[in-house]
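Below, chain A partners chain B and then partners chain C, in two separate complexes.
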Partner chain A sequence: MSEPLAPQHGTEPDEIAAAAPATVASRFELAQRAGGIAVPVATAVLAFLIGGLLVLATGHNPLQAYWDIIKGAGLDWLAHPTNTDVANTAAYNFSQTLLQTSSLILTGLAVAFAFRCGLFNIGGNGQYLVGLFCANWVGVSFVNMSRPAHIVVGIALATAAGAFWAAIAGFLKATVGAHEVITTIMLNWIAYWIGNYLFQQGGPLQGAQNRPLDIPISGNVVPSARLPVFWGDAELQGLHIGFFVAIASLVLFWLILNRTTLGYEVRAVGYNPAAAAYGGIKVRTNYVRAMAISGAFAGLAGGLDMLGYQYKIGTSDVQVQAIGFLGIAVALLGRNTALGVGLAGFLFGGLLYGTTHGLQSGSIDPSLAGHLTEMIQGLVVLFVGADVLILYLWSVRRKLRRQRAAAPPAAESPA
Partner chain B sequence: MEASTVLEMRGVTKRFPGVVANDGVDFDLRQGEVHALLGENGAGKSTLMNILYGLYRPDEGEILVRGKTVSFGSAKDAIDRGIGMVHQHFMLIPVMTVAENIVLEIEPTKAGVLLDYDVAIERVRDISKRFGLAVDPTARVENISVGQQQRVEILKALYRGAEILILDEPTAVLTPQEAGELFEIIKSLQADGTSIIFISHKLNEVLEIADRITVLRRGKGIDSVPREGATEEGLARMMVGREVLLRVEKKPADPGDTLLEVRDLHVNDERGLPAVRDVSFAVRAGEIVGIAGVEGNGQSELIEAITGLRAAESGEIAVAGNVIGRSSARRMLDAGVGHIPEDRQRRGLVLEFSIAENIALHDYCYPPDSRFGWLFPGRLVQRARELIREFDVRGGGPNTRSGALSGGNQQKVVAAREIARDPKVLVAAQPTRGLDVGAIEYLHRRLIEERDEGRAILLVSLELDEVISLSDRILVMYEGRVVGEHTPDVTEEEIGLEMLGGRRKEPSAA
Partner chain C sequence: MSSYVGSGDRILRSRFLDAKAVGIAGIALGVFAFLLAIPPIVVRSPVWPVVVGMFAILFGIAAAARGGRRVGGIAIGVGIAGMALAVLATRSSTGNLDQVFTASLIASMLVFATPLTFGAVGGMFSERSGVVNIGLEGMMLMGAFWGIWGADKTGSWVWGVAIAMAAGGLLALIHAYFAIHLRADQIVGGVAVNFLALGITGYFFVQLYHGQNVPTGVSQIPNVNLAKDSDHSFLAQSIGHLNLMIWAAIILVPLSYIVMFKTPVGLRIRACGEHPRAADTVGINVYLTRYGAVVLSGILAAMGGAYLTVGYLNTYNENVTAGRGFIALAALIFGNWRPFGAFGAALLFGFSTALAFRLNVYSSNAATLFQALPYVLTLIAVAGVIGRTVPPAAVGRPYKKQ
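Entry: the complex of A and B
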């Protein structure tokens, strides 16, 4: 049999598009090529439109609601950017949006990096949590350390913890073939319960001052471990230098992928593991390594948030934490690219802060306010998945049409 | 012989976005004739036949069946007009019997709804006797050979009353013996008055079976010629549009040191079953050793073991005298084994990567491509630019996505990468699969050149004529063993017999 059973892709572009690519990463590559920048923008617009319809259905004005969100996110500050005084509400709101953006960029990068290696890291939240725990432990202990060292140790340990947490999933994938989606979700729950254990009444990391009061919250990070705040007041969640770390991470992400042999291997494995193995690349090693780097971004986010503005963490914080999950939407909307993740992180950062702080009870059903972000997040994930789905359905339709005509896909492409 | 024209296609044009697949093609078929449609991959042969079979509508032009203009909305319309088509990939239901497959959709029924199986078998017996196509109506399709399945497809078309039969690359899936049987069938159908359109890109078989030959090139009908007076060279020139060197010209081999040695090799397949059994052979510098065999007789596993992609159960592989223990793809690459894999799209290339990135697939981790883990994309592009020129890759530059190239150019990228690494041993698996005449010619010439450069070349191909024309020695694999060794003056029939396990020989050490 000299002809392969699968239709050979010829030069005809839609023949290539119709063939089902092997990996998640190559599917996204395909969607990206098919849709360019238009699809993510359309996805976001559509998600906002449907969110607006929901607001409308509750008898409120969606335009008013969105205007509130924009103001709540401090985007109106951009009209007068010279006034950086955080006593100004717009400036303060904007600094808070950037604070959220920093975390979202990093958890988004965590998901995006794994994606580029063909892995779906759902475990950003768990990796973020272990980062928070470690940074809190370092920040509360070692009170005699000098400031730069204390900060560096805290951040480094948080990053390493995130990397380790994700690498467990990578290791299981490489050795016994356990699917990373399953294992990262399990690791999320393990991190969740570890957090509940650590900070509960009598838990090993419960703050000493909280113990007599029966408050399940950690100790406070000491000043020597706190990140410098460059905009606003440290006591009022000022914007800390972690923002620049997040921006630098975007650059780092791009550099690793496009300018290092490591990134070359990650992309090769992500697009086509068989070809990568043939090229001499160790595919299993790359699974572990890519997961570790992925988790490092999420752990870094946790470290920066803890030493940057949270300073303490309680069991209730552990339970409601969702920033790692939002990272999935950020990565999907940002198409797993550095620039895209940066923009999507800013969009979700504004949304997150704007919906929780901007919405007036007059312009939206109060019970809906906090959930609007989650709705839009859900819609984005749905639509981002949907355009891949639409491409897939399109190829199935073509196949079916040909089969109905009782013929195989033309082996000879008309080129 | 001058017979009535049963079919005429006039000025048929079919456009797809960006390409004209058929450009004013004329084609006619006479009663009882075998008319070959010859052309390279992508010349528009299948498009033309899909139009005739009602699967596509032509943008321009008309189709006349027995002098009447017809317009087909679907394959059913074409079948009603007595046109049948046997596709390259069979459309049979494996778990059903031959008879069930043949009568499908027009079953004889009992009580209006139930299949009358006895009548079905009877009808299939009748039709197979009438046309001289022996099949067992009660056999399950999954249990019969590929050649038999093809007969079932032909019978299916005849059962539906086909008087015009389109055979799309029918020999592509057959062994030489089966192809010979097919030609007998074609001749008997022809004698019975059936008119046959025979699609192919193989010149020798077209000259053997066809009465007339129409050549398509880039969607245009170039010429229709009678078989008498047609030559392979002339047809190839029409297909490609320039002179083509069909016979591989080569000097006698001048073998030097043994560069690849395989000793007592045992390799298992995915399921853990023995795929390569006790294989030993050697390839010396400056010679091409070809491995012939029907697909799935251990060739793939053998190559994967030699290239470090699959661990051997036992045995040794030595490159230039050094036994490679604990082999891995990287070790084999570094030892000097180049590999043109059998599936360039699944393994040979990362289709989403640019040409430059694909060319760096083995060497990205070494200077000058990178240093201390830092990649230099500019150097990758520079290197790609040189190789694109040297290997005449067309259709893009260093930054073109590899998936956008045609199959022939993709294969040139793979060959460029492997050869440019200056390997001692070059393993070429199905190097010309799916390629057109021009690209095949190029790759064949290049392999001979690399042989003459002093490389040891191991060629694995399912195309017997390719193995025979390129190789200096030929090994035949059957069920994981080397069952024969030959010099290139062997006949296809002799090897064909061994490929089917017809003759066993003790595995011969080379």
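Entry: the complex of A and C
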């Protein structure tokens, strides 16, 4: 079980033993080994089913609605993948789904990496926002910079800003034991208000052309800082090379965790900080480091989104921003693994675009369907949080059966 | 994990100040707030004395909540006095001040503090029983939407509030079932509950009201008119025409204190949050107590949301709570899981919000940043700089009967 919201004086061993494994990370690890891919799939199906029931109850046809959402996400393009012209609606929708997927993969990785260290990073949204702000500032200023340098500086600064924002929470956790959930929530809202301050009328980063018009929107990122678009039109939110950066990040995530000393330490702390400390791993350093890496993913997402297709940001964009929160659902459904986050990111990316801009439906209005996404997101997180128990029982049963059949494997946790 | 955090505790205790020292620091800050405005420093803008004064009050609350009641009280007093005097000192030179510091500032502080108070006291019940409630925001949002819907459909604010309470309680019941029965991670569950509330209220807002504003003229929670309209005295202007729900929130604070600390029910709740095994051993039904406390927290948070829509705004727009549930959570932590502490923090946060709106007179830029103050203060508070926050010992840990 996770620790409580602040430092503890002591713990009762009997309770720890009664409640499954010690940290969130080890719980999910156990769940993963026990159920494989079947459970996340079942979780998602159940969430969609309940969402469908609500759609039905409010007088819409759920099958038609989901079919329209699938088309809205451009998944029907996969039947004719040769036609890549974005004038074709299906192709355009699919490119937009991939655009959303890129951001979601990165914010999902932000949550997942911290999870592997036993930390719950709810602050992905704040880290994403500071990434957006920094990339916008770089992209609007330094107009004389050459293209690759301008892009690199913008992305690097956004990534560093996200890392810094998350590292604050990691540092507070490491030094005074402040619970990262509380600190990251607070940091989210601080970033939110900083954004409202920066881009409001008279704010320091409000675009010069918007000042006389009283529009609270930033300046436009200049062409030299814009990411190359490889599918579609840059003016119509074409798919930019950030998509490949997101895919590469998945690989990087896997490499760091599974092939480096750093990753080994992070995972060891995630399983059991006390045991890790006993084994000579610096737990505090790892908390700060894991949070910084985690925030870097979210900041990177912000940087890519700003320089890739958003180009500008207004106070209203700051207020409705939820990509970082969706990252929580992506990470949990993806079981905090690289492959899982990639697939869950694609699912939610499709859902996000398919229920909003992409949706053309006679049976359900996009403004209605958009909230369906939030609900499905909530249900997924709810069920993912609970299935650990079911899986625990499942694994115990399977272990018993195996014990009867052959030599027992090393006992992992008491029944 | 426990042993590691435990070692951090020892460092904390030796390194950071005790309650008395915090209180004294608060008094010093309060004095400093006043000194800022008079020669030789002479700050012309009231912003700086107010910020320093609020830190003095913050230190005072922190000291009071951690055992240094007397010195904490003095620090709060000195903070307020220093702030007021400093503002008076700057007043002679700036005409705008009249628009900022008026009796109605007190009234609007109470307006903004009310949802926070409901949320924080609700959260206290849940967390004192051992269940973390990150979902306060969602429960408040449910109350806000279903409250205005109820008031609109039934034509009576009484039913509106009742329906809000039911909606908040229902969402809390989901949280309770997953946290207590299924022993799911309580923080994950709370996050889920927030998403769910956002989805449900958003969905039905579009379905029932087509995303437009709720029809005007919905039955509103009435004001309690203690003073005549013609009365323009300070007291009449500040607390003469407060909403019924504001008074309910003010009454809720001592009431919840009595329930939590002076009655057997409160003792049972606290026992479940401190040591559920021991509570179980002496015959307390841990599951039932936790269910009750969590559902109560949802009901109270929803009342805060209902006040927002049915009592104050008299309309609804998407995600109307806009993070107030999280400020309530902050107030709860700030107040050290105690009703008066939480109320004090809610008042402070309410004041900073009210001030933020008034400060538009000077500079809208500063006013916007001012809104982040509650979150910054909470960050400072949980960092332990002003003394330790002590949550219930078993909060966040599911309990399994043996």
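Structure notes:
We take it that the second predicted complex is superposed on the first by the 362 of 415 C-alpha atoms of A that agree within 3 Å, B and C clash if a C-alpha of one lies under 4 Å from a C-alpha of the other, contacts with A are read in each partner's own complex, and residues count from 1 in each chain.
Quick note on the criterion: contacts are C-beta pairs under 8 Å (C-beta built on N, C-alpha and C of every residue); 3 or more make two chains touch, one makes a residue touch a chain.
All of these numbers come straight from a predicted model, not from anything done at the bench.
By the touch criterion stated above, A:G280 is placed in contact with chain B alone, chain C being left untouched. After overlaying the two complexes on the shared chain, residue contacts for A:I247 are found with neither chain B nor chain C. By the document's definition of touching, of the two partners only chain B reaches A:T261; chain C does not. Looking at the superposed arrangement, the partner reaching more residues of chain A, out of chain B and chain C, is C.
In the superposition on chain A, A:A234 makes contact with neither chain B nor chain C.
In the superposition on chain A, A:N272 makes contact with both chain B and chain C.
By the touch criterion defined above, A:I215 reaches neither chain B nor chain C.
Looking at the shared chain after the overlay, A:N196 reaches chain C, while chain B stays out of its contact range. In the overlay built on the shared chain, the residue A:A156 is in contact with neither chain B nor chain C.
With both structures placed on the common chain, the touch criterion links A:L379 to chain C but leaves chain B unconnected.
With the contact threshold set out at the top, residues 1-5, 8-12, 14, 16, 22, 272, 274, 277 of chain A are in contact with chain B in one structure and with chain C in the other. Those residues of chain A lying in contact with chain C across their complex are 1-12, 14-16, 18-20, 22-24, 27, 54, 58, 118, 120, 122, 172, 175-179, 181-183, 185-187, 189-190, 192-194, 196-197, 200-203, 272-274, 277, 283, 325, 328-329, 332, 365, 367-368, 370-382, 384-386, 388-389. By the touch rule above, chain A contacts chain B in their complex via residues 1-5, 8-14, 16, 22, 26, 29, 258-265, 267-268, 271-272, 274-280, 282, 402, 405-408, 410-415. Of all the residues in chain B, the ones that touch chain A in their complex are 14, 16-19, 21-22, 41-47, 50, 53-55, 74-75, 85, 87-89, 91, 146, 168-169, 172-173, 219, 294-295, 307, 309, 328-330, 333, 339, 341, 343, 345-353, 357, 360-362, 364-365, 370, 373-375, 377, 395, 403-407, 430, 433-434, 462-463.
Considering their complex, residues 1-6, 8-9, 12, 127, 132, 134, 174, 178, 182-189, 191-200, 202-204, 206-207, 211, 275-277, 323, 326, 329-330, 333, 364-365, 368-369, 371-372, 375-376, 378-379, 382-384, 388-400, 402 of chain C touch chain A.
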